[in-house]
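There's a structure below that I have some questions on.
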């Protein structure tokens, strides 16, 4: 449930009613930023759901996740190389 | 698309799939004796099929598609009430597109629209508010549907309507909550689940702690996950790791979006606008205590149940579901969609019998749409 | 005309109607006679073995004018394309207008001008037509129905039945621009983008492809998008089609619209896109020929034909998964979950 | 199909649409292939000197079903007639449907059945088609647009330009039945009558007339009635036409409707009536040929062509007065004064 | 058609024409020095042209087309008010077809309809009443237009609405009366008329005596006539006979329909529902005392003027007519239609400048439609 | 003004509301007969205007009018014959 999509808050539309313009891949729509207005959201990335910016995206955390995945990728490659070597050894007569 | 494409990287996915396979092998999981992992959320179900993860992942991992699709768990009686409201003269009935095709006993909202009811699809409750502003002589009703992800948007819209003093806007509130049905599932003695993928966007609002009971009281791992394919694979890996290590904890894979304690503005809006219903009926699951929300008396003027004397509180006698529909069993993982006798016969997306065939998040529609149909044929 | 908007009088069959037709339509389309039938001769049609191709489509679109075109352009391109994808050289069009009372006459003039221009550039003539006026609330501005006649030269025979396993599947450019443009232009979802409709006549493109190398079948991907066209063809041909997600040409904005609304770009409408099936060996020459024309600039292979299961269309996902690409069920609805 | 009414899903380009088209239309029209273009050959078209005739009309009528026909019958007859009056032998029709959301599917089936039956009896085939669905309130049940192709045999050349002073003016039967029937059937004027629409295909009738004796021109009298057809022809031919009130065939009920509402039967719509111009010497043979067919049973001479004033149509009244019969201005409105 | 066809008999007409010619010759009437006979009623104008009587009758008889077409004499300001009412949200504006194309300053009712106003043509005020019954949430306004022939039907409909307690039906009353403008014409020193053809259907309601003043006070013959061609010809003959005999009397040619004292039920309904306005504006004739009717206060609930705060009583400043339009002069017989500089140029039925070109009873439309157009070209 | 047309009142539709069916050349419509209900209007001819029977048609009077016209016709014929004879006489040499 709950289709959410990352978009960048690019400008205020009406600060009084907490409406700002969000952009997703070049597509713009005014969204309500009440939930993320604790800090100035302009320029930030947020998770957009049914016309509301529901959460700011933590860019560092995103980078950390990707980093961890890349590390895993390398580790897994090493494991697979080892496994391939093992298999080659086993297959050797 | 930033914060999405990176998490769809095939190379990263390959590594994750390989690591999962290793872990699953190590745990002795096989097609015959799989590990059962429930993705609670229909959004996850959708991603799994959209990216073909069900076929890519180690055969010892079996996905159980959980009740986290608000359209799928909506009892037919609610749809009937939507139609009844929509058919009243003067009403503009607004809804997310998802609900348009869900069958009621008489008709779906799409059929009601074809019959002359003014039913309009909106992308946001804000669009419904705007319709109310522009049509002061009409009553604009918004169909509030969804879990905690969506409840704040409706709540904020009701608050906005109240601030503006709009007299022709109301919400037909059928919002529901995630933790309660999970508890109900876990209390079912037949249920064998090895872990849960937690709905990331729900936790974006309510944080991760509402799931503590899953680990603490039931000893099951749960990982709150994002919706991109690597998010899902990483979460599976994290669950397998917990299983391998004999642990059961609430973990957060989706830290870039999910704060531990959720979003305070959203939580405050929810608290201000809604109160728990004593219980609420779920399709396939029956009545579940405290699993539904209704609008508090202070916002009565915006409550379609009050305005129209209709709704859950007034129609407690459960309306029977369509005979032959096995949605309930599929939804709790007791049947695979293809095991439902109606699948592909009486029930297909063009003529759905059950809600699981309507929503693109429904397990049956996903099976049909994304290729597991042949199994049934 | 002194009138600025259409009233029921303009549909009555009398002088007001005649005036409307002359001021707005025949002055621009310039049919050869005032008889209510065109009388036509074409040498190509009289060649032994030549066949006549005949097709029709009604066009209904909101808004009537949108970035990249209007309903008139759609009506010309759509029918030209339905002729072209069957191997026919489009010759003549008819144009019938159902106009809602209250419609602005200046708008009708713009639509007629677009049609005349598009017909000219597509090398077809609008030779006969009709107008009707319906009461307000019983139409939607204007509906346009075009029918087209073309000639299939002797020896040309393409169609779904000729599709073979091993065929390459080619599209002529980015997908879904039209559908996404209309969704945004409609305004009720409050989305704004810079995308334009892909609306274009593909007669020259098809002729170029036919001249370049043997090809088996083509179809324009309109309502229901690429997915529906592929499903139709796979079913009619009794083959399977496998496309590759990584090869699909998609504009970021179209992806954006789809992500926001929970739509699948494979099902978005196009109005200047076709999918073409040819032997693998023909593909390079056909691609080259297509790419030499603006409407084929983005031509790429997106998949290939498999023997079976008959009627099945599947897509290899970016990381090696596969998913069924079924026919669209009803219409794509924006979703939130 | 399980559905009883059309929803937007039936217009989406996907499976629901396919199902609707198959259940309602192609099952009845039985086109030869599933390609979205008919591919046709006709020996008559390839004869040297043969010309192709091409015409189109959109049909909008309330109510959709009425005594004597329905919109489908109109759509077939109307286009067959537009071909026939030009001397063409009608061959093929296209049929495009714009369906309003909520339309009853059983009604669509009845309309399709009527069309198939009328096409068969008129000797034409419905070879290609289209369906679109529009939202409720943006259509009116269903609109049908037909286009038609016919062949004008070598040597056949009739049309307004050939009309000569001295020509006899012939109609094939009583006038205004269709218009009066629709006015009554609409219900809002609360009139009831036993009249039926005159809706009929006139292909055979025209062929019979052409075979009987030389004739100069014919036109079907549809919207705007006999008066508008005569005015058009008189203008195009640069002649005057004088008709005789005493010779006009009118049913008493049609006169009754006109008297009650203050209308002029000369302007009432017909859907199975044509006006034919032939040399005075041809008239007896043509009348005889026409009267041998049911749709020409009531054929009579109603007037003749005069050299001028060009474009003027006048009527000799029953007691020797003369009045101008101008083209209808807007639409005929019921009047009380 | 019984009681119609017999009176269209060409043989009878020939005899009448010949007798008229004899009388006219005897009176020395010629094209250069014609007898001027005014047919007051537009219905007579219509019949004259429809049957070509103007061309058949002796050339010493010249028809002057009188002000008896309710559409033609309606000032543009009334049309503007109709449009204003019709454009109000919620209103269904009902009218006889005749009024649809009459130009207002901004637009005609037909153009207002094209612009979105809900304007419906009805055959009878009874149909408007029925619309009101079927659309209780809408306000149905009936445009009450016409002379004494039509006033009873509107009055009876108002009485019926009152009996049923309909709250959403009202009449925009612009009914007018025949005798007053005739008196105004006769008071015009420039006017030379030799006799009048009286409107038969008006007399069917009010009888023949309201015209007594024409014969008594002004010494002019008047014959109340039916609408078939022999009716008209007979009436002309009767006028000529009076002239020849030096008499001036009110005679009744149309005895089969017109009772000497009119219809008591109709007269009672008129008296119950309407009262005279102090004066009313006529296109081309200006203000004429006591020539218009308004709804009595006891039926205020059905008076659109009251409901919408609009109408004649409220807009006495006369709104200027379109420049260049000579309708006024044509209507009183001072100009022939073809003498109006706009005839066939700025003004034609497809784009009428003046009301006389709109109504098929208008002299200009009749000239155009029935063939006297050439004179202007 | 005031298009009126003779129709026959053929049956009651709803006597209470004084609605009856009128027929004009085979065309039927319910009309209000309040104005002619003094005597039973069924079977009688009336003058119909905007959905109301406004007056009963006096059949005797109609016959008298036609009779007068026919008499005139004969008289006029006689006059014309005489005139023709006169002319013939005058023309005679």
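When the chains are written out, they are named A, B, C, D, E and F in that same order, and each has its own residue count from 1.
Going forward, contacts are C-beta pairs under 8 Å (C-beta built on N, C-alpha and C of every residue); 3 or more make two chains touch, one makes a residue touch a chain.
Here is each chain with its UniProt name: A, F = Hydrogenase maturation factor HypC; B, E = Hydrogenase maturation factor; C, D = Hydrogenase expression/formation protein HypE.
A quick note: this is a predicted structure, and the numbers were derived from the prediction, not measured.
When the partners of chain A are compared with those of chain D, the chains appearing in both lists are B, C.
Put simply, the chain farthest from chain B by mean CA position is F. On a Cα centroid basis, the chain most remote from chain A in this structure is F.
The greatest number of inter-chain C-beta pairs in contact is found between C-D.
Mean C-alpha positions place chain A and chain E at a centre distance of 78 Å.
If you average the Cα atoms of chain D and of chain F, the two centres end up 37 Å apart. One simple way to say how far apart two chains are is to compare their mean CA positions; for chain A and chain B this gives 21 Å. Multi-chain contact residues of chain A, defined as those touching 2 or more other chains: 1-3, 5, 24-25, 49-50. Across the assembly, chain D contributes residues 7-9, 15-16, 189-190, 252, 255-256, 259-260, 262, 329-330, 335-337 that each touch 2 or more other chains. The multi-chain contact residues of chain B, meaning those touching 2 or more other chains, are 1, 4, 14, 42-43, 69-70, 96, 101, 110, 123, 127, 146, 150, 349-350, 361.
Chain C meets chain B in the complex at residues 188-190, 252, 255-256, 259-262, 309, 314, 317-324, 326, 329-330, 333-337. The residues of chain C lying in touch with chain A in their complex are 184, 189-195, 252-253, 255-257, 259-260, 262, 335-337.
Every residue of chain A that touches chain C in the complex is listed here, in rising order: 1-3, 5, 7, 24-30, 48-50.
Of all residues in chain B, those touching chain A in their complex are 1-4, 6-7, 11-12, 14-16, 18-19, 22, 41-43, 68-70, 96, 123-127, 146-147, 149-150, 152-153, 156, 160, 199, 201-202, 204-205, 227, 230, 234, 253, 255-259, 263-266, 269, 361. Residues 1, 4, 8-10, 13-14, 42-43, 49-53, 55-56, 69-71, 96-98, 100-101, 110, 120-123, 127, 146, 150, 229, 349-350, 359-361, 368-371, 373-374 of chain E are the ones touching chain D in the complex.
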